[in-house]
Structure formats: structure tokens, C-alpha cells
Amino acid sequence: MSGKMNRRSFLKMMGWGGAGAALSGCDLPSTVTLEEGKEEVVSYLMPEEFVIPGVGVWYSSTCMQCSAGCGIHGRVREGRVLKLEGNPDAALNNGKLCMMGQAGVQGHYSPDRIVAPLMRSGGNLAPVSWDKALAVLNEKLGATNGDRFAWFTGTISGHQLALVSNHLDAMGSTKHFAHDVVNNAVSQAVNKDMLGEANPRLRLDKAKMVVSFGADFMGAGQSPVHYAGQYAKFRTAKQRGLLVQIEPKMSLTGGSADLWLAIKPGTEGVLALGIANLLLNKIKVSDAGIPSGVRKLIDRYDVTKVAKITGVAGHRIQRVAQLLTERSPSLVLAGATVEGHAHGYDSVAAVMMLNHILGNVGKTIESSGNFPFPQLMAKQGNTSDLVEFAAAASGKKLDAVIFSGSNPVYSAPAALNLSDAIGNIGFKVAISQFMDETTALADLVLPAASYLEDWGTQVPATQAERSAIYVQQPLMEPLHPDTRGLGDIILTLLKQRKTAEYGQFDDYYAYLRNAFAAMPAAVKKNTKNNNEFWDAALQTGVINLDVPAKKLKSTVVSFAEPISEVGDADANGLYLLPSPRMGLLDGRHANLPWLQEAPDQISKVVWDSWAEIHPTTAAKLGIGNGDKIKISTHSGSIELHTVLLKGMHANAIAVPLGQGHDDYGRYAKGLGVNPLKILDATRETKTGELAMYGTQVQVTRVAPPERLGIVRLGSSDTQAGRKLVVTVPVEQLRRTEGA
Amino acid sequence: MTMATEKDINEQIAWAKINTDVLRSMENPRPAYWVTVAVCVAMISVAVFAEYIQYTEGMGYANLNNPHMWDLYIASFVFWIGMSHSGTLLSAILHLMHSDWRKPIYRFAEAMTTFSLLTAGLFPIIHLGRVWNMYWVLPYVSDRGHWPNFRSPLAWDAFAISTYLSASMLFLFIGMIPDLAICRDHGKGWRKKLYTVLALGWEGNDRQWRHFRKTYLLMACFLIPLAVSVHSIVSADFAMAIMPGWHVTSFPPYFVAGALYSGCAAIITLFVLLRYFFRFEDYMTLPIMEKTAKLTFAIAMVWTYLNLVEFASIWYGHNVYDKELLIAKATGAYAPIFWSMIFLGSVLPFTLAFRSLRRHMPTMFVVSILLNVGMFFERWMIVAPTLSLSQEPHQWDVMWGSVVEWGIVFGSFGWFGLLFLIFVKVFPSVSMYEVKEMVFHRQRSAGEEDLIRMTDHTQPATETAGGEESK
Amino acid sequence: MSLDNILNNWSDYRKGAEEGGHHDYEHRWTMAINLDVCIGCNACSVACYAENNLAVVGKERFEKGQAMHWMRIERYWDQAADMEHPEQGASFLPMLCQQCGAATCEPVCPVAATYHTPDGLNAQVYNRCIGSRYCSNNCPFRVRYFNFYSYYESAWPSPMEQQLNPDISVRDKGVMEKCTFCVQRIRTVKDRAKMEDRSVVDGEAMTACAQACPTSAIVFGDTMDESSAVSQLWKKHQVKRGTYQSTRGEKANPNLRGYRIFEELNVDPSIMYLERVREDV
Amino acid sequence: MVVSNRSVNPSARRRNFIGPAKMGFVCLLALMVLLVAPTAMAEKYSVTPPTGVYEGKDVKQPIEFPHNTHVKENGINCMYCHTYARRSKVAGIPPTSKCMGCHKVIATDKPRIQKLTKYWEDKTPPPWKKVHDLPDFVHFTHEKHLKTLVFDREFPVENVKEVCAFCHGELENMTVARKVKPLNMGFCVRCHIENKELGAPGDCWKCHK
């Protein structure tokens, strides 16, 4: 263990630069020198040779702010991590990092961290010692086994996942609920059926045209930085890529579209069928491989009909179909707004079928190959696990549950009645950094170390051209000495069950070193021994893997009519779009002030929830900009202020996710509303996912605009004739820079 | 002169009566005086409290924000600086022009100059983010080898205002010396001691009068270009900037005209008040009021003309930002203020064209105050809309100031009032010796003799005008 | 302002080497922002908060317009003015201090707290600033932010202050601040180069925003270095430093996308934007 | 700064002087420089040390460290202990391990060393008090000063204490360090003006940012 101690000893806090906070303009005139002998300088006891006070050193690790798992570099100075940047060695993000990743340090240094184990006694959570907490945990978990015990996590991968699986095995349970509101579970199911792989590689950089049906791949997507990098290549290619975005609410990605089309929520599949109809029947593209049922379905949707259903003009549909044949290879993507309906699977299948028809599979959609460590591959969160968990809880089928990395009480719609049902679980353990809604209901709270203090490995579900394991290492000593890393906690739990097997590992670090040592020689190429391999992995933060190329199959599954029979009747029906945004995402970042203060990219609102609605719809409802409105469904209502945006379909009202926390620290508490609460608990028919975008709502005006109702950046939506952002047609670009 | 027969002052007035009347005004403050003092102190406390909040918590409490880095503080600064100009006009310019009707009213006008400068000087200090470092704008030899930025109009402001303040205080003081001697001779107790010191041993002998005349003339000559330059420099705060609505070539004369305008209006206000409260009907006569009002009217027309010049040059110029701003001022959020300014500044002065109104003291009081409201609006409309609507549309904003900001502006009037109230009870607000001179000259002007003596200042023509008691 | 500056020829003071001024630039730090790939994602803005100790002001003060984002992403909808939907997306504009060569903020500061460095940067010396705010009033880009309050306690409740970057001061109330092109990073790189007796290599000095930008829309570098990426871009787009150049007029090829905002004000910004491109479908 | 600036460039020099009165003085100086040029050449890159004095207080340190013993009697180089000075902004307090490197065997019977050993055994570095402190908005860097004043001048490194003494005084005659120079802005600026030809920058942002 001496290696570890040495590595860590240099992370000791140092007093140079005082608090590091250099106060300028403090009332000290600079002619007056500072009094000597007042401040203390703490020197090192025994530093490593390379540690120099006053010089920042960059260490690599892995970002855990969303499930994308980008490689990061953290700047460490005097034992404190100061800033995070992308790791240039990480193929996934190529040295870049999004706003959420940048804000990771704020979560780490948050004043609202849980700093000691808490146990419920007499209704309240009170601090206890780790020994006590672990003893109680041992006792309670010992009293249950089998499927009455469960883990409830977010998207989890790498060796932490392996340990969770092992712990479940040790407990004899199969119940691992993985929940993530921002997911692509339906697309994964379709991909698996049509391509044979849940997460194939999408190559925007190879496409000449991208048609995205509601896929916010650069915003609240599966790997925004990765796709943004690809997008940059796509746009700056010799032939500038063309992006068509079709969605009911303009997303961050939609903001960059060459053609943005508003579509009625839930009719994306119909539009895909309409395009397919044009491709097959008018442009005469081969229909090979399309099941006859689907072929018939396609024939039923001619342009006029599709235009009527979707609200997208016929000539636009024709143009898109035309362009898709001209710009090959192209890439057609389906996103959350397509998935989030009862017929989500069918819609996604209809969209993905276009890739088959256009021959994109194998060109812009590639296989991600067989990952050599299947046990480390990400268990991606979804919402069907949330529904099943709620059902299990209400059915009193669970005795003990350990929560980690997910906040189901916040994200479960009220219709699932989770906050009550969770009371049926006898023993709830939360491994958490913050007092979020779920943690607040736990019986035992174990304070987790932040990801900047913890060891681990991440295997992102979305991999770059080169698959890799991303290594997470502590960038500093634990800020709060009584917090423990997730891996360490699970290992302790495992030791309680399987002492013989896991007793050899002092801590998670030892476990990881052992696991790395056990990796096959093919992975350790170019390194002489295990230590060198370990050092190299820590240095680059990435273990690149050679995954043999594989060919994707390109098939089309049979799917049903991608439209719901119900909602269609009401032409004026308003669909609630609980849209996640790059920033607060699903609410997990609501406690980071940088992200609260960073304006929403499209509406530019800060520090609040708001409802986006099209001006014509608003006028019809008698609602003005900034008015307070009430959005009601069967399961409740929320009140918030409006922002009139033209980037909306007339039948849609969008409320961003992330706010409306009852708890979760000083920056999140009491701000805005949580639209997830009022969603119907309708499920997607094939995958059982929650149909998040299928809820119809009633909207009424409550009050005129108030002060602090809508707080936004910038007061003008127009450049007022100034040449601030100049837009030029692509022809001009072609004349000068293009091919 | 509307009526040749009407006299500026009753030339039969006895010199002793002049002394008595003026000295009486300095004594025995009535309850109304103390009430006014209390009101002023209350107003100052509001400002002090507001400044306390602003000082301890930050400038944000003035509702200042990214486009509106300046607002009412700078508008008030310009307003008070402007107010200070008429004292100089009346005392110095008219002195050089031998307009002797200025004599009964110039003293308080000059006091007004000094006090409005003292008020104006507070505003740049109040508006500084780090008040405690304000001395950095002054050029002083420092260990650090640091100097102010001599290219900055704000640094010029610091020099110009401090020079103007010291010069106008000196001018006020010098002009008062013979009167202070009279006060000394009549005074008792602390007043005696005070005036003894201040009168600088004035005996009223020939040599003293000769030196006095020269000094006074010299100061007057010195002060006039200074006054013009001060407000031109203040206008440079705006004209030197690149912002639309500020970058205007005609700003220096425009500011000077506006300054004289608001100053004259303020003189009328104080004229009415002093005439009423101190029963100065014998000195602050209706003909003098008429002359002041006519002067004000003339300046109002100059100001109006310069306004039109500015609008026209913007309208026919090619600068889109300026034009856009002008339209926005006239139609946007600030339109009520803008049009009030136009009405109060350019239309209302036409009341001064009517003799009956000019001679009606209550009307003149109201009109003069409204004129100054208009001039305050003018300063506000120079500062705020430009910041609201600059080149960068993203940061457009309209801001109305906070309680703190308005409180400090409000308090500045109390501060000015208090200083003035103290002045009228401590110093003679009508120049006794000069009124005596005036009476003397008017008496003589009937007869042709001594014309040479009247204009030749080296002759002790008025040796008995001041300090005659001491002989 | 030192006595040196006062006594040197003032008319030369503001001018750069191009115009025969006395500034012998060591570097000319310059930026190019490609608006066609800018997706408005805010990564640059948050990176700036992280690097430069920017205070979070909270909802109330944000509403008052007192926010401190040195890098703000402006979003315009001009194209959609008379359309049902914004069919060509939003227009994003990352707006930060343009580090003007003939900066209008510099001559107006009464205490010379803002001046031009031999790096071609528009410096703001916090401890010299007395908070007259004239500089911000005279900035056509409105990118100077004032510390209207003291944020040290409110914005960084313990232990958040441990995140503060020790290489750059935390500004107290009454001080103007603005984007510095991450001068602390530039200086670190320059110091390192000097210690190793070499010159700065292109790409070595990088602002936090350029570093973070997921689409690499922001290119940063030294235009004194002819071979740097940013020099190449400026040259390619025929945008020149120092001289007045109407956006289109003086370019040999007016179709080239480079332009500088408010070129007509002749402030010589150091940031060239590349026009946003949209394909009419 | 550009390397070539380090040589004495008369035209560059003149720019630093101002005023006719001073001009005459400069001419006089120039004459003197011409006269003593041979000697000046021999003394490569002469440095004018900063001026200013300060009455420092005695600082009570956890261990009364005798600089004189180490520097004067034993001739230990400053940078032997303050090893970060040439590599970082801060000179650094030597880590306890460095003290113990010698004092495991040397003078172990002295009470101060026993105190040190106690700290070492407790694994806590002594809580040294800061003596030479600068305001937080001043970003002084040791490494560049050392490079310019010592390494680039080819100044004998064994005499580095003479350079350190510019700002820290003659520590060889002190026990515990005491502040004897004012270390205020005037102190810095005077030296920077005097030594412009050595590349001392006059740019505010070098130190304040």
C-alpha cells in the first residue's frame, strides 16, 4: 500500500496563496505592506520530487457528470483540484468538455455535501459513526436475501458495476434497477432488433446530411461532447454537412439546424413513413429487406396525408426526401421526443428504417464491436426500471434497497406514487453526496466521495471510434474525511457477505490494481509490467482497447402503426414536453450554481422553470409572454411563467427538467417546478418505458407577468439591424472555402 | 427696458437702512427657518442612510447594472455643476459689463455657485465603486510612480472642479470682505470674533479699496473662462465617449447654455424666497427680477436652439445609432421624461415673455422650479437613454433607479438647502457695500459730473460705501 | 499610467506597430470564432466561470442585470421575425471582451487601471480600479462587468472558495472586471517558455473558452506568429489588424466570411467572427 | 521580454529618462559610463538592487530557526533548502524531510532539533509563520527573478544569497527571518525602472491580474 500512500501524500492541503482566493480591492492600500507573522505557511512533510508548490499539475480522470463518461484532466495545485478540462487522450471527447463537466468541481466543493453517515432515529436523520452504520447495514442486509434485496442506481459501468453485480450475487438477488430519465432505451431496443447492437457507432463526421427526429445529440443526449466534435467535422467538411432537425420543441441541436421543422408531438414515425413512401414510390429506391407489413404501412402514408397528420408542409417532406437521396451517405436519428410515446418503438423503428432504405448502415452507422469485458459494460438507466421498482415497492416485495447515483423520488411521476410506496421498503440505504429527495427518505445515508476523490473505471455506452475503458483517479484527498468512495463502500458490503473472497482487498484501490493486473496481455500492450500498465493508465486516463471490427446487420423489423389513436382526435391537444437541457439535465445538476446561472441555450432563462409555448397557441389561450400559467393533468398541476418561443409546435408546451427540488441543497431547493411529477404513467407498449412526451395537458392563465417571474439573459431577440451574427447562404461558403 | 421711468432701486434709500435691513436678515431666525433647517437635515439623513447602505453593501443597491453603469448620480452631478454657473455669470460677467443691477442679487447667486459645486462634487465621489481610493485621480507624487490618466475626462473633471470650487469660493469671499467688516463692526459675541478674522483687517482705506478693486476684477476675469471650461469639461465626459447620444460635437456650448439656464432659474427661485422671507423688497426689486427673467428667457432660447441643432445634426447625419436613440428617446420608455424636458425647457420659458407674469412672484417661483425640473430631466436624458440603448442590442435595458439612488439625489437638495440656510444667517446675502455703490451712482448719474470718477476704479469713488463705521 | 507614458508621445500611445505607434508588441493575442459551428452550448461560458473566479450572483441580481459572465452567449431570432417557426435555427454569438487595439475603454479611465499591454491585450488592473465605471459606459460591446457587491462570501460559501484559481485575483466590490483572454494562462505559458529559453509555440497558450469549446469554434493564438492557426485564419479571411476596414469594402474577396463586429467604430477588435452559414432547403 | 533587450541599448535607455534637468544628469552619467566602460564591460549585466528599508518585527516561529548557522557558518546555499525558488513562483519552506535529512545525525542533542524531530515523528510539519507576505493581488514569481538575476547573468550560484538579499536582507546575519525590506510597490517599481535593460517589465499585468 505504500505506493498509494505516496501518491496520496502529496495531495495534502497546502497553505500557499492563502485560501488561494486572492482578494483584490480589499481595503488594503498597496503601499502598506502586510504584517508579518500573521499567516501560517504549512510546508510539506515529505513531498514527491515532482510536487512544486505554486505550480499546477494536470491529472487525468473521468467525468461523471452525466453517463457519457468523457475523459478529463483536472488541474491540481497545492492539493486542491481547481479546474477540469477535457482529456486530449480520450477519443470520446478529444480534450473538450461541456458545461456540465466543467461544473463538476462545484459539486465536489459544494457546501451542501453530506459529510458523515446519517441514520434515521425517531424520524430524523442523525449522524452516526461509520462503524455503527456498517454494523447496522450488515445486520439489516443479513436479515434479507434473494429478490427482496435490490440495488437502485443510475447508469453505471466499469468495476463499480462489477462490484454491484457481485454484491447482488452474494445477496442472491437479481434486482438491479437502473434508472435514468435521460435515456435512449427505446432506440436501444430498436437498434438491437434492427442492427443487432443496442449502441452502434453513429458517424456524423462521415455523413453528408443528418436528419434528426428530435435527437438532441449535442445537448441532453447520450454523449453530447462526442457528437459535438463529430458535428464540427460534419460542418467543416469539404462539402458542408446539412442538418435537418424535426422536433416539436427546438432543442440545442435544433438551434444549429439548416432546416428546423416543427412536428406535432408523437407523429414523427408517420413523417418517417411519409419520407419512406416518397423514397420507395417516387424516387424508386429499392425496398429490399422491408417486411411486407411495413411496406403496406408505408404505402398507406402518402405525402398529403402525412403533411396533414404531422403538420409538416408537403413540399418540405419532398425536399427532405430528395436531399436524402442526393446527399449520401446520410444519417437519420431518432431522439427522446420520438421515443417518449406509447408507440415510441414503432416510431423509432420507422425512423431507423430510413437508414436501411438509404443504405446508411455500415457507412454512417457502424458496429461498436464486441467489447472484451462484457461485465464492465454500462448498465444504462431507463424508466421502465423506475416503474417496476415503484410496482415492487407498492407490492411490498422489497425489504432492503441501496440507492446510488439516481434520484427516483424526484423523477418518478406522481402517478407512480413512489414517495409513498417507498415507505414500504423496510430498509433504505442511500449512498449519496447530497441530501436529495431520495436520500431524505432513506433510513441510512452513507456519505459518498465525489468523483474527483474516488477511484473507478467507466465504460461509456457511446464509444468513440476506438473503444476504451476510462480510468477515474482521485484528484485530491477527500475534502471531507468521513466520506467514502462508492467502490470502497460496495467492497465493504461485499466483505460483509463474502469475507473470504474479498478480504484480500484493503480497499477499492487494491481491488482495482488487482483487476488491472488481471487484464489480458493484449490490453497491456507496450507496457512491461503491471505497474507500468497501471501508471500508463493513470497517466493517460484511458485504456484503449482493440475491438475487432464487426459488421452490422441491416434489417427492418415489423412494427405497428406509429401513431396513437387517442390524442389524434383533439387537434388542439397540448402535449407536455418535459425536456431535459444541457445544464441541469434531469435535475442532478440543480445544485450547481454555475449551471443555474448559465442561461438555457434557447430561451436564455436562468434560475427557474418556465413554459415554452408558441405565440399563436398562447394567443389562442389568451396567454402573453411572461404570464403565469397553470398546467394541469390527471395527476396534478404546476404553475410557472411562460416564454413565447417560435421554436415550438403549436400543439406542444415544453417545460425544462431539473428544477422543482424539495431538497438538494441551497442552490436547488425551492426553485421552479418539476414537470415529471404531473406526467401520466403511460408506458411504451413494447419496452415498458414511460411515455414521457405523451401526456396531454390543460393550460390556463393564472396571473400577469411578475417581477422575477422570468429572469433571462439579454433583452433583445433582434440584432436591430446591426451586423452581429451575419448569416450567409451556403453557396457563398462554397465559392470561397468549399469544394 | 420696458418702463423707462421705473427704477432698479430706490436711490433715496439711506445707507444706514441698507445696513440695518441686511444685518437684520442675519439675525433672529424665525421658527420657519428652523423648520426648514430640520427638513433639510432630514433630507440629508435620508441620503446619508442610503449612502451607508451603498457604501457597505455595494453600488448594486442603486440598481445600477451592466448597461447602466451611470445613472442619476452623474445626472445630478451635471445638474449641480450647471446650477453653479449663474453665480459666475451674474457676479463676474455682469460685473465686467458694468451691469450694476446685478449688485443686490449677485451675492446669494455666488453663494449658490459655491454650494452647488460643493453638492456636485459629492456625486462623483458617491458614485465611485471604491470611494476610499478617490484621491487616485489627483496627480500626486507617489512611491509607486503612478499618475492619473491625463487622457480621461474624469481626471480633467477632478482638476476642473477643484479649481473652479476654490476659485469661486475665493471670489465669494473676496467680494464679501467690505461687508464682513460692516458685520464685524456691528457684531457681538461669536459673530464679532468670526467676522474679525474674516474681514482680514478691512478698514476701508484707499489703499485697501484699490487693491480690492484690482483683485476683484482679476478674479472675475479669471473665473469666466474657468466657468465655461468647467462645464465644457463636464460635457467632455460624454462628448469624448463613443456612445450614441454622447458623442456630440455641440455638447460643450450646449452644456454651458444649459448650465446658465438652470442657474438663472435657481436664482429666480432664491430671489423670490429671499425677497419674501427677508423683506428685501427694497433691494430685490421687480425691475431686477424682470431683468433676471429676461436673461433667463434669452438663455432658454439659446438652449432650445442648441437642442434643435443637436437633433437636426443627428437626424440629417448618417449615424444610425444616434438616430435610433433619438427616436427611442422620443417614443420609447423614456418618452414622458423626454417630452417633459422639451416642454419645461423650451415652452415654459415663454411665460417669462409676459411682463405681468414676470412681476408676479408666486408664478415666477413655480415657473423657476419647473424650469429646473426640466433641466434635471435634460441631464437625466443625456445620461440614461444612451446607456439603455447603445450599439449592443443584447444589453438594452431601461432602468429607473432604486430608492437608494433617488434617496441620495433627494438628499443632495437638503444638503444644498442646509448650506444655503447657514449662509444667509452667517453672511450678508445682499452685498451692502455694492448696493450703496449702486445707490450712490444712481444718485450721481442724474448730474453729469464725476462720470470719470464713476468708471475709474482707481479713484476712491466709493470709499465711504463700506466700513465707514470704522472711521 | 506611469510618468513614462505621460511624457511619451500621447498620440502614439494607443497605436500599435501597424500604425507606427510606440507599442512594440511581443505578442498579439487574437481570436477567431467560427459562428457556423458554434452551437451555443455554454461550455465556454462555464469554463470561464471555472477559470476566472467569476461570481455567481443569483436570480435577483441576475434580473437586475448585474450578472458577471465575461463570456456570454447571445441568441438572436432575426431570421424568424416574420416566420411561423425559426426554420434556420437560432443565431448564437459568443460575446466577450474584444481586446480592441484602439480600445475605447482605455483612454477614459481616470486612473489608468485599464491599458494596453505589450501582448496586445486590453488589461484591467483590479487593484488600481476605483470604480468610476466610465470604461464600461464607453464599451460598445458592453462586456465590462462591475462588482456591484462583494461576492466573496455569498458566491463561494465554504468550502467552495477552495476551487478559486490562485493565479487570478478575486475581485471585491467596486471593481470593474472583464475577459482577460485568460491572461494567467498566457503568462504561465510565456513564463514556461522563458524559463526554457524558447518562444511560445502555437496552441500552447489557450484560453479556457477555446480549450473547452466542444466544436472547436474558438481558435486562439498569436498573430505576431505568422504560422499560427489564428494568423492563418485571419489571413485566409483577409481581415487585417489595426486598419479601418469596412466589413466588405476592402477585402479582395468580399465573399470571405471573416468580419469584426462594429468594424465601423474603428476600435480594432482582436476577435474575428466567421459568418454563420445556412443552407436554404 | 526579448532576449536582445538585455544588452545595454543606449536608445532604449534614453526613453526611460525624462525632463531636461534629468537629461543633463544623464549626459553626465553617460560620460562617466564611457570613462569606466572597460570595467563596466567586465561586470556583465550589472544590477541595481532595489532601495528601501523596513523595520521588521521579530516573528515567533514554532522553531527558532537559525539562518546564520546554516548560511554563514555552514555555507549552505539558499536554494538548497528553498529549492522551489528556481522552479516556481514561491520559494517554499523546505519540507520537514529535508531538515531531517541532516538532523537525523547532526546536532540531535540540541533542544530545537529535538523539537523538530518531534514534529517529524508526529508526521506534522511545523506551522511556520509567514514573514514575507504580499497582498493577494500581487503575483510575484521567484523563478523568473532568479533566472534573470542569477542564471542569465551567469552570476555564481554559490553567491545567490547576495541576490536573495535584495528583498530578504542579509539572512546570514539573522536567526529567524525578519522582514527588512518594505516589499511595497514602490520598492518593486524602483528596481524595475532601474533595471529595464535587464528585461524588468513595466507592465502592470505582470504582477497584478
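Going in written order, the chains are labelled A, B, C and D, and every chain counts its residues from 1.
Throughout what follows, contacts are C-beta pairs under 8 Å (C-beta built on N, C-alpha and C of every residue); 3 or more make two chains touch, one makes a residue touch a chain.
Just so it is clear, the structure is predicted and the values come from calculations on it, not from any experiment.
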* **Pair exhibiting more inter-chain C-beta contacts, B-D or A-D** => A-D
* Asked: If you average all the Cα positions, which chain's own average lands nearest?
  -> C
* Provide the C-alpha centroid distance between subunit B and subunit D, rounded to the nearest whole angstrom. => 58
* **Inter-centroid spacing, subunit D versus subunit A (mean Cα positions, whole Å)** => 52
* To do: Please compute the C-alpha centroid of subunit A, do the same for subunit B, then give the distance between them in whole Å.
  => 66
* Asked: Hey, how far is the Cα centre of subunit C from the one of subunit D, in Å?
  -> 35
* **Numbers and ranges of subunit A residues touching at least 2 other chains** => 16-17, 21-26, 30-31, 714, 716, 718-719, 722, 724
* To do: Can you tell me which residues of subunit D touch two or more of the remaining chains?
  => 135-137, 139, 184-186, 208
* Structure fact -> For subunit C, residue numbers touching 2 or more other chains are 2-3, 67, 72, 74, 93, 126-129, 147, 167-170, 173-175, 262
* Determine the shape of the graph in which chains are vertices and touching pairs are edges (line, ring, star, complete, other). => complete
* Structure fact -> Listed in rising order, the residues of subunit D that touch subunit A in the complex are 54, 56-57, 59-60, 84, 87-90, 92-97, 120, 123-139, 178-179, 182-186, 208
* subunit C contact footprint on subunit B (complex, rising order) -> 57-60, 63-70, 124, 127-131, 133-134, 136-137, 145-155, 157-158, 237, 240-243, 387, 390-392, 394-395, 397, 399
* Once bound in the complex, which stretches of subunit C touch subunit A? -> 34-37, 39-43, 45-47, 49-51, 53, 56-60, 62-63, 67, 69, 72-81, 83-93, 126-127, 129, 147, 152, 155-175, 188, 208, 211-217, 247, 253, 255-257, 259, 261-262, 273, 275-281
* **Residues on subunit B engaged by subunit A in the complex (per definition of touch)** => 130, 132-133, 142-144, 320, 324, 391-397
* In the complex, go through subunit C and note every residue touching subunit B. => 1-3, 6, 10, 13, 61, 64-67, 72, 74, 93, 95, 104, 107-112, 128-134, 136-138, 140-142, 145-150, 173-176, 262, 265, 267
